[in-house]
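Structures follow.
Heads up, the next two complexes both have subunit A, just with different partners, subunit B and then subunit C.
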Partner chain A sequence: MKKKIGIYGFTGCAGDQLTIIHSEDKLIPFFDKVEIVSFRMAQSNNKECELDIAFIEGSITTEEQKKRLIEIRNRTDILVPIGTCACFGGIQSMKLGDGKYMDRYRKVYGNNKITIDKAFESLPLNSFVKVDYCIPGCPISSLQFFSAFTKLINDFRPVLYEFPVCTECKWHENQCLLTEKNLPCLGPITRAGCGAVCLDHSIPCVGCWGPVDEANIAYESKLFLKQGFSSQEIIKKFRMFGGKASQELVKSLIKNENK
Partner chain B sequence: MRTLKLKKGNLDTFLAKISELGELWGPRKKGEVYIYDRIDDLRDLVKEPVITFLPIKKLFLPPRFQMLHYDGKIYEENINQFEQRIVYGVPPCEIHSLLIFDKLFGLKYKDPYYFKRREKTIIIALSCTPSSACLCKSARTHVIEEGFDLAITDLNDFYLVWVGTSKGDDLIRAAPELFDKNVTQEDIQKFIKWREVRDGKFKKSIDFVTMPDLMDLNYNSHIWKEFAEKCLSCGACSMVCPTCNCYDVIDEIELGDNSVNRERFWDSCMFKEYSMVAGGHNFREAKAERLKLWYTHKLKSFTDAYKKYSCVGCGRCVITCPVDINILSVVEALLTGKVDKDSLLTEKGK
Partner chain C sequence: MKKIEIDLISRVEGHGGILVKIDNNNVEDVKVNIYEGPRLIEQLLIGKDYSECLNIVPRICAICTLSHRYASIRAFEKILNISIKKKVSLMRYLMHMGEIIESNSLHVFVLALPDFFGYPSITGMLQDHKDIIMSGLKIKEFANLIMRKTSARMIHGENPIVGGFGKYPTNKELNEIKRKATELIPMAINALEFLSSVSVPTFCERKEFITFMCLNSGEEFGFVGDTVLVSQGEERDIEEYEKLTNERVVSHSYAKRCTYKNKTFTVGALARINLLGERLKGESYNYFKKMYNKRWKKNPLYNNHAQLLEILFALEKIPSVVDDIKRLKDPALEIPEMVSGEATGAVEAPRGTLYHYYNIENGLIKKADIITPTEQNLDEMERFLRITAENLLKKSKKEIEPELEMVVRAYDPCISCSAHLIKVVHETSS
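Then we have the complex of A and B:
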């Protein structure tokens, strides 16, 4: 029996769902090998039923989204966040936990009351439900997504790199921007999977695949300090794509700064 | 071993001639770094000795390559399609790294992916003079006795060419008129002088012989924890090390026809998931343990097993690690018990 797959999007740019749709060479088997029961960006007549796998893009920013996420979790076997927003919170959570959420809210909406739903600071999916795997990227790489997708529909565990971008960058023999050009590159603390695409064009890594589990933020920031960046600039850099994970990581830096 | 002389102006003619016998490979410039690559135009080949970004291992075991393809019924191994190659410009330290690989991959189950490429590759070694991070004299890898087909030493006025194998001799036979068999006493003196000058140029040294003992003594040292605090676990050291050879294997399934590509790619014991086993157990979860493993392998256990250090002294880790964890800083710590926590490989930018 074909596996039942749902693809959903919450708060994000929809770039991850778009990456799937843009993988033209895979589209026919994609719709053929499994039953895509729900994928609003790609088809009509979606039905909400029991699922084998749910792939979810975007972060959670409202009560309604939270409810819907929990509801999807309850009827799917496997839940996989796709994209950095769903995995870590994305750029919309770069200020997470700074205590100024309401100020920002008022700056955008003034004193107008939003009545349809209650919004809160952007959070990744794993803040509310158990996630089984994580396919990061901004947007995701088609190669990595379909590798994981094909594994999952065949009942294998997907292999998602946990090593940093530096490894892929070295494979491509790119001159190190961090040590040779004194540029602030987040390669050593960022998940690989992108294929070091920015580095191949001599652009330092901005960390859009999210931080690796073992991100050594203390020494990465020492490198940037030596390059002449201020602590504030460094924290901003770490938090741009790092979402909730980097919120935790920079805590130690902020503590040191306040000493 | 036969030795010949080659006139300076004849190198290009010789390389052009032998490139008819196989694909010519060697160092070429990519941006500001040098890489081993296929040379289609001799003008792209860097004839002087250089340290390439990735070592020669990439020509025998590329960072990522397809091992086999399985179509659901039969599998096909990708080991018979390699073209004959001639690689120019391999420095002595890297010749030693290949000799290490020959041993490692040539045990009971020979690694066909390595040896098929090795058999199809003729090696022209090129003597070099040390740069600031070179440690080959300490590692005794500045001289070569085997592992090459031809070896060239640049003695300013001419090249001295050592013929290491019959394959190397075949290359000479492709253009014998370019070579002079008459090596004079004066030439020998020039070579001896060149060697003295080279040997005097090393800025750093390591007493490798004493390292196995020091590794033992430092087994519970705090230095490993201190290095672990610095380590970014980025894997860069393993990627650029000529003797690091660990790899991972993955089966990639094609969505359309369920065919499988088995791929092999470089791995590093610096990664947490490297020593992860079934059930999620990890026997080297702490970074300090992983760092200790890396250096134990280079400085001690390989010596126990193969009577050879597995550091060939190329200096790549010295110029690569952003937080200055490398063969020099680790040996320094083994000797003094001190880790310089502030040494970093970056400068004020912007």
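Then we have the complex of A and C:
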């Protein structure tokens, strides 16, 4: 029997769902192998039923979304966040935990009471439900998505890159932007999979795939300090995309600084 | 009382719904509800420098990613007093046309066309109209190639920066773009012929003319400018964007609304073709002359036709832009001094005029204001939904629903964009 798949989006730019749609004619043979029961961005007549796999884009920013996420978790076998927002929180989580969310909120809303839905500071999916695998990216790479998709629909574990962008950049034999060109490049501490595309264009990595596991953040920040950035500016750069994961990561930096 | 509630509109980008209340054969209320979650992006920009801002703003929306980036770049270059080289402006023109073709073709072929033929999705339509859908996908794939070659990625490419580009495409890559554009022109013409053969429903047609707004692109048809044209011959500077849009808050939507002189207005491809259509050239001009009539000023469903005309215009324009790019040397990148100042940058995003305003102090953002096309179109969308509901009063709920969705889809709303920031005022009556 064909596996039942749902593709959903919460708060974000829709870039991960769009990456899937962008696969054009390649999409059809992949989607022929399964039953896409829900993919609201691409089709009408969606069914909300028991699922084998749910791919979910975006972070959670309202009570309604939280409820819906839990509801999807309860009827899917496997749940896979796709994209940096779903995996880590994304840009809308860059100030997580600074205690000023309500200030920002009030600057936007004033003192008006909001009735439609209660909003809170953006959090990744794993803050509310168990997630089975993570496919990060801002946006995701269609190659990595369809490779994981193929494995998952055949009951295999997906293979995801667990090394930094730096490695991909070295494969391309680029001149190092961080050490040779003195540019603030986050390649060494950012999850790979993008193909080091910015670095190929002499643009330093901004960390949009979120932090890689066991990132050597202490040494990275030392190199940034040497380039003349203040600790505050460094933390600002490190926390741009990685949301909750980056928030955890920079804790060690803040601790060391206070020593 | 008949209540039509479409919870989540399918085949649009983002989360929105429609609510129509009909009582005693009267349309009591029409609302486009925007449920998209808030991100407070303008607040997150405070304290960032211009290059960090360029990393963030494209993420407002994946479909208009380059338009956000471009509008932001235009504002910063004004503040930093940078005059760009010819090659840079031509490269930006090419990249921008890539996004217009990509977004327009995604909308026309994948999301909207199935409506005209009553299919639930593109896959359903594929069986009966394979040629037209496949040519649409080819055009879209080509646009993705341009975006990749100019911006470094299909979505959220970081290559376009203040002052220029990180890297320029090679002549070989540029030649490929030129060759493909030329090859695709007959497909775009074919699609235009196909769409012209379908009769356009009248259920959402208004008696009086729509007020349109778009940037004045100069002598030629185009997608950037520093002044805004309004129907009936009015023209205003983009720095007056607040007066042009008059943002206000409504209780039922997570996105703000806009009016001009207390009237709703339309931005996007239909506005551009209505206001600048006479400036088209070549086949796109011939087809404009052949297809255009007064109904284009009254019926939003013609937005699909306008989007196809723009695709044809861009495909015809690209070869000469590529030739000019090839002739010019890659300019060196200027590193601007950190200054203070404020300015507005605007571009025509696929869905209409997009404004980015920044105030920076010693290189860091103090205030940011972004006004997106979908915000500007939301009031108009509601107005046309009301007309549709009034015209279809006698029909059953099941029959009206697809027509209502079709009107919203014609506007090609980009809900992520419109709800990048939300302001909601409590409805005291409830």
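Heads up, the rule we're going with is that the second predicted complex is superposed on the first by the 254 of 259 C-alpha atoms of A that agree within 3 Å, B and C clash if a C-alpha of one lies under 4 Å from a C-alpha of the other, contacts with A are read in each partner's own complex, and residues count from 1 in each chain.
The rule is simple: a residue touches a chain if its C-beta (ideal position, glycine included) is under 8 Å from a C-beta of that chain, and two chains touch if they have at least 3 such contacts.
Note that the coordinates shown come from a computational prediction; the quantities given were computed from them, not determined experimentally.
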Quick one: classify A:46 as touching subunit B (first), subunit C (second), both or neither. second
Identify the partner contact of A:13: answer first if only subunit B is touched, second if only subunit C is, both if each is, neither if none is. second
Which partner does A:188 contact after superposing on A: first (subunit B), second (subunit C), both, neither? first
Which of subunit B and subunit C A:197 touches, first, second, both or neither: second
Subunit B or subunit C, by number of subunit A residues touched: C
Quick check on the superposed pair: does A:221 touch subunit B, subunit C, both, or neither? Answer first, second, both or neither. neither
Given the touch rule stated above, what does A:144 touch, subunit B (first), subunit C (second), both, or neither? neither
Once the structures are superposed on A, label A:163 by its partner contacts, choosing first (subunit B), second (subunit C), both or neither. first
In the superposed arrangement, what residues of subunit A touch both subunit B and subunit C? 28, 202
Interface with subunit C, subunit A side, in the complex: residues 9-16, 18-19, 21-22, 24-25, 28, 31, 40-46, 58-62, 64-65, 90-92, 94-95, 104-105, 107-110, 112-117, 119, 122, 138-139, 194, 197-198, 200-203, 206, 208, 236-237, 240
Residues of subunit C touching subunit A in the complex: 8, 10-15, 33, 35-44, 47-48, 52, 55-56, 59-63, 65, 106, 110, 120-123, 126, 134, 137, 140-141, 144, 152-159, 161, 165-167, 249, 251-252, 254, 405, 416, 421-427, 430
The residues of subunit B that touch subunit A in their complex are 30-33, 35, 53-54, 63-64, 229-236, 239-240, 250, 252-256, 258, 266, 268, 271-273, 287, 319-320, 322-323, 342, 344-350
Can you name the residues of subunit A that touch subunit B in the complex? 26, 28-30, 33, 146-147, 149-151, 154, 156, 159, 162-164, 166-167, 170-171, 173-176, 178-184, 187-189, 202, 212-214, 216, 218-220, 222-223, 226-228
